[in-house]
Every structure is written in structure tokens, then in C-alpha cells.
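Have a look at these structures, which come just after this line.
Below are two complexes that have subunit A in common, paired first with subunit B and then with subunit C.
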Partner chain A sequence: MRPERRLLFFVAAAAGFAAFLVWGLTGLPAFGHYRGPYGYLIDRLTVHYTHATGLVSAVNFFFRGFDTVGEEFILFVAATGLATVMRGLREEENEVSGGEAVSAGVSVPRTSDGVRTLALLLTGPTLLIGWWLTTHAQTDPSGGFQGGAVMATAVVLIYLAGEYLKLRRADPIVVTDSVEAVGAAGFAIVGLFGLVAGGTYLAEVLPLGKHIGAVNAGGTIPLISLCVGVEVMAAFLLVVSEFLGQTLVLKGALDS
Partner chain B sequence: MSLFPYLVAAWIALVGLYGLVTSRHLVHQILCLVVLQSSTYVLLLAVGFKTGGIAPYFSDVSGRPVTVDPVVQALVLTDIVVEVAVTSLLLGLAVRAHRRFGSVDPEELRQLRG
Partner chain C sequence: MRAPGTLDPLLPLVVVVPLLVAALLAALSALISQHRRVLDLVAIATSVAVSAMLVVLMARTAGGVAVYWFAGLHPRHGAAIGIDFAAGSLSCGLAALTAVLVTASMVFSWRYFETASTWFHSLMLVFLAGMVGFCLTGDIFDLFVWFEVMGVAAYALTAFRVEEKGPLQGAYNFAITNSVGAYLSLLGIGLIYARTGALNMAQIGRALGHGRPGSLVVVAFVLVLVGLITKGAIVPFHFWLADAHAVAPTPVCVLFSGVMVELGLYGVARVYWSVFGAGLGHRSAITAAFLALGILTALVGAFFSYRQRHLKRMLAFSTISHAGLFLVGFALLTPLGLAGAAAYVIGHGLVKAALFLCVGAVLHRLGSVDESRLHGRGRALKTTGVVFTLAALGLADLPPFATYLGAGWVGDSASSHGAPYVTAVVMISSILVGGAVLRVAGGVFYGLGDPPREDPRLRQGATEERSETSGDEAKVPLTMTLPPLVLVAAAAAIGLLPHLGSVLQHAALQVEDEAGYVKTVLGGAAVHHLSALSPKEPTAVRAIDLESGFGTAAGALLLALGGLYYRRLPGLKRLRPARVVADTFDRLQSGVVNDYLTWLVFGVACIGGALAFSLR
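What follows is the complex of A and B.
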């Protein structure tokens, strides 16, 4: 279909879609007039059941913890899928150009000293913020998903400050693969402990902590958050490494 | 005015859809999908808002405070995670498509048919 005709078709379809969408939206409760039991129930039940004061994490890691296991594995599967797609490509490249020659013949422009200094300065604070986010799911607006992403950023800053090519020789992909698997399995295993000790998957088996809203409150919530943080960090690093590796392969292919 | 946040969500969805349909670059197209999906964040958060509700984090539990719905906020978190997963996978496929067809213009990917 030609672009102009397609646009015309889209405008007609979108107008109809928009009309139905707005019609449907007018049927929702007015903004600010929340209806439905769950929000109020979580307000009342969270502190009693978990001693945690961060309700969003309590929902994610306690009330619908089983869903979050699935959510975590979506990320795991996507990272694995990306690795499969990209590594197949890299192997093809290596066959064409004879392996080592690809990365050896690349002239990567030097990172400027300003960028390196800034990246080094930011690495420590970024890692600290990521760690804080990962370990404070039970009390603060944080959790493993956010913390993992920030911790991965710290490692990317290290890549930026140094030579990714040199770091790659240590083959971080093998390490990140393993760490990702440990993080993903950790969450599932915490659930299995609940099954053995408490009778249901992800049952609360750890002491809730004496003080409501303390760092050690929340039972399994901090532990699950930590597992998720490790998994997310490794998954992000895996994705970043795959794309960075791809850039080098492409550059090598262009040069040869 | 009570409809306004919902209309914002609908607008973001339609803008993303427009970009998706008219895009001439695979990476741009993937970003349009991200825009389309971010409309769901606005919609979910708007549905869960209570007038006068505080953020769903307690510093003092004695006063029985009313918070905005934490369930939809947790769902937005899930939404974002899924979006990241899908985006990374799609970008990987875009790299593959570029290697295979030598182009990132969706119009040029004729060989995908049949």
C-alpha cells in the first residue's frame, strides 16, 4: 500500500478508534473518585500482614508475589532471547572475517578525559543509590526493579570510563549470565521455601521484624527485592553488552 | 475536567499509533511503540487516584491515612518492566533486520512477506 493511501486509511480508522476510546473512558469513575475495594484493602492490611510501609512493594512482592515471579521471568526470557538473536549474528560475522580480526582491526575513537572523569565520579554514588533502592523496598518508593536498573547504570559508567573492549576480554557476559540466573532462581527459591515451611508458594516464612517500617521489617519482601535487583541488573547488563558487542562487530565489518 | 487525564492517555496512545503507522525507520518505530505503551501508565495512575490521597508510603500508621491505589502503581511497574523487555528484544531484531536486508526502513523489508 502506498504511504499516502495508508495514511488516509489510518486517519479514518484512528478517528473511529478514538471515538470508541473516548466513549469508553467517559464510563470510568471521574478522576479522583476512586472506586473499588483493593486500594482501601491494601491500605488497611499491609502493615498488619507485612510490617512494611511501602505499599507498592508490598503489593508486588507479597500480595501478588506470584505474578511478580512471572514478571521477573519475562525480563529473563527477553534478555536470553536477545542474546540468542545477537550471538547467532556474531558467530556469522566471525565465520566471515575469521574471529579475532573483527575486534582487532577496529579503530574505536578514544573516550575524552572529561567523559571518563565524570563517569568515574558518578560510578560510586550511582551504585550506592542503586543498592539503597534495592534494599529499601519495604519502606520507601523503591525496590529491586528500580534498584537493579540503577546498579546496572553504575556498571555501564565503568564501561564508559574504561575501554569496553578491554573489559570484554574478561568476558563479563559469562559472569552476567550466571548472576542473572542466580537472581532469577533466588526469587523462585524463596517461594519454594514458603511452600515447604508455610504450605503455600511464597508464604511468609521470615520474621516480620519488631518495628513497623524498619529496614529489617517486611519478612521476605527485602529478600525478594534483593533477588530481583540482582536479576534486573544482570539482565540490563546482558542487554547492554550484547548491543555494545554488536557495535564492535559492525564497525569491524565496515572496516574490513 | 474529571475526564482530562483519561483524554491525555487516549491522546498519547493515538500519537504513538500514528508514529507506528507512518514511521520510516525501525528504531523510530520501536520508540513509537514505547510512546503508545506509556499511555497505559497515565491511564492506570489516573484510575487509581483518590482526591486527597497521599502517596502509598506510610511514615506514620496511627492516623489511618488514605493513599492513592497502590495496586495500579504496582501494575505500572510491571508494565514498565515488560516494556523494557519487549523493547530490547525488538531492537535486537531491528539489528538483525538491518544485517539481513541492508535497510532499517520498514517499507524496504519486502522479503518479510511470504
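What follows is the complex of A and C.
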């Protein structure tokens, strides 16, 4: 289709679609009139089942834990798939340049001292916040997904403070791959403990802790949160490293 | 049979085992990536184990839907608090077919890829787990999660060989179109959650109950549908499929065509019967809408299939055509219609997988997938040629391939429910599709007739395929001839099974028994007498089924010979299909994702408008 025609066609179709959607939305309950019952049930049962007060994590890692296993593997496959595609592209670039890694000859401007100092100063606190979020799924609205992303940010800050290329020489990618996979497997293995010791997959097998809302409450929730945190951090780092590597290749191609 | 209340541990294991093995292979990649055969063996052993477990589950669930509550969270006062798997024998059977095809394509890959990193095996196993989870789940959000697992794995597998521009473009169109469809599905799930406060399919179905559906339910149904029929390649949501098939590695195409598309349509049936059916009131408008979509898809797919010279695209369009026929089987809302669709899915899945594997062998040996360039060059590939021809006949509904039973039952059920023209549609589309593939069989493997004119569009793409495999192997290895042979034999053997019809119809009835499903899932009760909207119909193979099967295959053969020899027949030399019309249609498949999305929005508006006016 020619772009102008497509635009006309799209506008007409989208108008029909929008009308249909709005017609459906009029059937929603009024704002603030949640009817339940799922939300109310979870609200009432969480503390009884888990001794955890981090309700969101209790939903993510216990009541709907199996969804989260799937979601974790979506992230795993997405990061892995991206890495596969990017590495394929990079190998191609390398072949073009005659086997030498293009990034070897790239002149990357030095990071300014201001940026490096700030990045260094922020690294510690960021890592701490990430760690806190990852390990406090059972007590507060936090958990491994958020925590993992923040911890990955801390590592990116280190990249920024040092020079990425120098760090890359140490090749963290192979390690990142493995760590990511271990994180993904971890959750699935915790579920197997449930099958072996508790009778059903993902069944609670650890003591719930005496005090409701304490750091040691929540049974498997903190353990699962940790696995998820590791997985998310590694997946983010993998993606960031691949993109940085790609940027260097593109830069190299532009320079030469 | 297990006592009621106990949970079958095989149900979670068929998903968890492939996931774990995938993660472990990736975790150990630094150690084992040098040992290619270890990877192959572990991956194949895993999918064989999953197939075996699913066959056991299929037998166990014949007596009733098996329910598994994760973390042991049984429902409280009839409301689900956790996630369940709720699998009948149809779900388990489809999942078993998936696992068998995954096994076949991994055996095929043994020699097909010169180098295969850990990624390929990990991605395949996660893809398998996603498809199996999608089949077995009883929770609509969980359905979406596994739908996305299989989606993301499929995008990555399409772009797996990325040395050329083609795979990335195909994967891009595939990912964008299917992701937009999936987001609309998620929006639909959100709407239905807002109304019912439930994610368990049985619970939503019960809450929507009977009576007038209201606007929200109609809109939620259509939105949930969009993601599923996009995956199911229903016109006008189908454009991504040919692009993805043309560029994906052949062993991956086996799974896309053999089961992934079918899973999308299984999802339609599952969501309809467990969630929306009662709420929408099973009115004839539903049947009419799905019949129209199915018939349109069957004919459009068949037409495009016949026009292709690119073998993988030809098979891809044939899948679209068959997807339309499967949707027709569901649209009748009868147990026999669904059973027919199931038989068709099994037969088609096996022969289509065999066809793709043969094309893979041709590509491996001769380095091309262009019908004109390959003309007569396949003579040396004797086994592959025979298997390809048999599979092509199976695709044309030749008895005893299970496809003829599927075609027959869908046609029978349609005739007795006021849609006698369905039989004609099934025959026409099977003749076109079978004719196209038999033309390839005759031309490529036996050098019959004249080579078709070169398709200018294929010239640039000809090298595209090289990257998959070197294309000049001296001999087709056993790992490439055996899997398709076994699959074709299985398609014929299944068609000969006694009682296949009654077993499948019973499985279909399990799906369509809405009240029984709710009782089993939420009440924990075993249901002994299945009852559905529409009663069972006789499944004995009738003479007319055999006749139309042989008739279709004969028609396809004639069409194939016509395609090969028409230039030698005096009167027919100038007879060309209306070129202008055909070219206009060809241009619709533009490869531009913006076009595809415009069609998608247009499709939603049309289906939505039609159902809004008829169900309101």
C-alpha cells in the first residue's frame, strides 16, 4: 500500500476499532467500585498463608508463582534471543573487517571526571537499594524484579565510572549468561522442592517464621525473590552489554 | 484413574522439565558448547521424555479432566485463589503432538546445522514448554503467560540465523504483529477481570453465566480473540506467517506450521467453551462469523499457496488455508466438528512437518527452495522424493491419511447443521493446496513437465537460504530422511486407528461440556456423563468420506499435472489466470509491517462491528 492510502485506510479502521472499544468500556464497573472476589480473597488470605506483609510479592511469588516462573523465562528467552541476534550481527561485522574485532580500534572519548566521580558515588547506594529491594519482598512492596533492575543499574554505573572497553576485556558476558540461566533455573528448582517435600509444585516447604512481616517470614518468598533478582540483574546486564558492544561496532563502522 | 482430590505430578513436570533443562544447558554453556552431540542428546532426550509423559496424561485424562492446583492452593468456597492446570485428553493430545514434532525437528537438526550453539537447544526447549503450558492451563492469565513464552521463543528462533538481512525482517514482522495481537488479548483479559474479579477460566465462565452478554463481554471476547487468531493465521491477521516461514530455519518452520498456528486456534476453542460461550449465548451469529472467517481464510490461503514458487512460502500459505478449515470445524460448535478439526490438526501437523523436513533436505543438498531452479534436480534424492510425494497426497486428504477423516467429519457435521457448502470449500482448498505441493513433487523430484517460469521476486532471495546450511552435501543423512518418513507413516497409521472418531469426539465433548468443566475444576467433582450444547453424531467412516477423500486427491493430482504440462496443451497455452487480479493480490503481501497492522486493526473493527450488532 502507498503510505497516503494506508493512512486513510488506517484512520477509517482505527475509528471503527475505537468506537467498538469505547462501547465495551461503558460496561466497566464505575471507578473505585471493584467487585472482587479475587482481590478481596488474596487480601484476607495472604498473611494466613505466608506470614508475609509484602502483598504484591506474595501474589507474584506464591499465589500466582507459576505465572512468574513463565514470566521469568520470557525474560530469559528475550535476553538470550537478543544476545543471539546481536552476536550474529557482530560476527558479520567482524568478518567484514577481516577477523579483527572492530571495537579494538575504536577511539572512545574519555569520560569526564565529573561523570566518573558522580557514578562512583552513586554506585554504592544504588547497589544497596537494589539489594534491599531484592531481599525484602516478604515485608514491603518490593521484590526481585525491581531489585534486579536497580542492581543492574549499579553495575552500569561502574561501567560508566571505569571505561566499558577495559571492563569488557575481562569478558563478563559468558559469566552473565550463566548467572542469568542459574537465576532462571533457581525459581523452577525451588518449585521442585515443593513437589518433593510438600506434594505439589511450588508448595510452601520452608518455615513461615514466627513474626508476621518479619524479614525471616514468608517461607520461600525471599528465596524466590533472590533468584528472580539475580536473573533480572543478569538479563539487564546482558542486554546492556550487547547494546554497548553493538554501539562500538557501529561507531567503528562510521569511523573507518 | 486417580482418586479425586489427588494431583497428578506429571502435569507440572511436562512444563518444568524442559524449562529446567533449557536453563541448565544455558548455565553450562561455557563447558558444553564444544560438545555439540551432548547438547543434541540431552535436548532430544528431554523432548522424548516430555512426549512420553504427555501420552500417559492423554490416557489418564480420557476418563475426565485432570486438575492441578499449583502450590496446593485449592479453591475456597468455589473461588480459585491459585493457578490451575485443567487438562482434558484433547489438550494433552495436542501437547503430545507438539512434543513429538519438537523431537522430530531436533533429530533432523542433528546434521542440518553445521554449528549450533547452546542457544538453539535452550530456545527450542523453552518453546516446547511454552506450547505445552498453553495447552494445559486452566487460568486465562496463565494462558497469556505461556502464550508469550512461546511467542518470544518463536521470534528468537526465527531470527536465529542472522547473517542475512532476511531473517531479521521476517522475525521483525512476526514479532510486531503478534505482540500487538497479544497486547489486545491482555487488554481483553483486563476487561473481563474488571467484570468478574476472576482469572480462572471456569470461574469466569460461571460468573458470566447465561443471558444477555452486554457490551463489555463482547468487546473482551473479541480482544482476547485477536491475539489467538493472529497466531492462528486467520485472514486478515495472517500476513506475518509467510514472511516468518520464508526466513526461519526449516526445523523451526516444522513447529510453526505443524503446531504453533494450530495452538492459536485451540486457544480460540478453549477460551470460547470455558470462558465466553455461555455468556455470549451460543447464538448462530457466532457460528456465522467464524464460518465466514474460516472459509475466507481457507480459500485465500489455498489461492496464494498455488501461486508460490518459493517452497517454504508455498507450505506456509497451505498452513493458512488449513487454519481456515480448522476454524470452520470449531465454528460449527458441535462435538463432531471439533473432533474433525482435531483429526485434521493431527494429520496436517504430521504431513506438513514431513513436507518441511523434506524441503529442509532439499535445501541442505541442493541449496535452493525455488521450484523453477530445482526442476528435475531432486531425482537423486529418492527417499526424500517418495516421502514428499506421500506427504503431499496426505495434504490432499487421500485416505488413509488422518486428514481425510478430518475433512470428512467437518463436512458431515456442517451438512447436518445447515452448511452443506462447507464440504465444497474443504475440497476446493485441499485440491488447490495439494495440487501446488504435488506439482512440486512431480517437477522437482521426477522432472515431469516444464519448469515453471522464474519468479523475479525469488532471484534476490535465492541466496538468502544459503546461510542455514552449506547446500552441497554429498548425501542426505539418515537423520534427515528418517524423521519425515516416520511422521508420514504415523499420519497414515492414525487414520487407520479403529475408534479414532469416537475417542476424538469424546475428547471434543470434554471441551464443550461447560457445566461439567466448572464442576470438575471448582467443585472437585468427577463428571461421568458429559453433556454439551450439541449432541454426539455418528463417527463411522462412511463411503462418502472415502469418496470425497479420493476425489480430492485425484483433483489435486490433475491440477498438479495441469500445472506441469499446461504449456504443451494447444488450447491452454494462452489460458492464464487473470494476471492483473492475481498481481494485485500478491501486492497485499508487501512485507511492510505497517500494512499488516493496518489490516489487523481493520480486522478487529470488522469482527467487532459484526458481533456488536448481532449479539448486543
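Please note the rule applied: the second predicted complex is superposed on the first by the 253 of 256 C-alpha atoms of A that agree within 3 Å, B and C clash if a C-alpha of one lies under 4 Å from a C-alpha of the other, contacts with A are read in each partner's own complex, and residues count from 1 in each chain.
The rule we apply is simple: a contact is a pair of C-beta atoms (placed from the backbone, for glycine too) under 8 Å apart; a residue touches a chain by one contact, two chains touch by 3 or more.
Quantities reported herein were computed from a predicted structural model and do not represent experimental measurements.
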item	value
Contacts of A:E180 with subunit B and subunit C, given as first, second, both or neither	second
Contacts of A:A78 with subunit B and subunit C, given as first, second, both or neither	both
Contacts of A:Y201 with subunit B and subunit C, given as first, second, both or neither	second
Which of subunit B and subunit C A:Y38 touches, first, second, both or neither	both
Touched partner set for A:L55, first subunit B, second subunit C, both or neither	first
First, second, both or neither for A:R64, with subunit B first and subunit C second	both
Partner chain in contact with A:G114 - subunit B first, subunit C second, else both or neither	neither
Residues of subunit A at both interfaces, subunit B in one complex, subunit C in the other	6, 10, 14, 17, 21, 25-26, 28-29, 34, 36, 38-40, 42, 64, 67, 71, 74, 77-78, 81-82, 85, 89
Subunit C-touching residues of subunit A, taken from the complex the two chains share	1, 6, 9-10, 13-17, 20-21, 23-29, 34-42, 45, 49, 62-67, 69-71, 73-74, 76-78, 80-85, 88-89, 91-92, 174, 177-178, 180-182, 184-185, 188-189, 191-192, 194-195, 198-204
Subunit C residues within the subunit A interface of the complex	7, 9, 12-13, 16, 19-20, 22-30, 68-73, 76, 79-83, 117, 119, 122-123, 126, 129-130, 133, 141-142, 145-146, 148-149, 152-153, 155-157, 159-163, 168, 171, 191, 193-199, 214-220, 222-223, 590, 592, 594-595, 598, 601-602, 604-606, 608-609, 612
Sites on subunit B touched by subunit A in the complex	1-7, 9-10, 13-14, 17-18, 21-22, 46-51, 53, 55-59, 61, 64-74, 77-78, 80-82, 84-86, 88-89, 91-93, 95-96, 99, 107
Touching residues on subunit A, where the partner in the complex is subunit B	3, 6-7, 10, 14, 17-18, 21-22, 25-26, 28-34, 36, 38-40, 42-44, 47, 53-56, 58-60, 64, 67-68, 71-72, 74-75, 77-79, 81-82, 85-86, 89, 139-141, 143, 145, 212-213, 232, 239, 242-243, 246
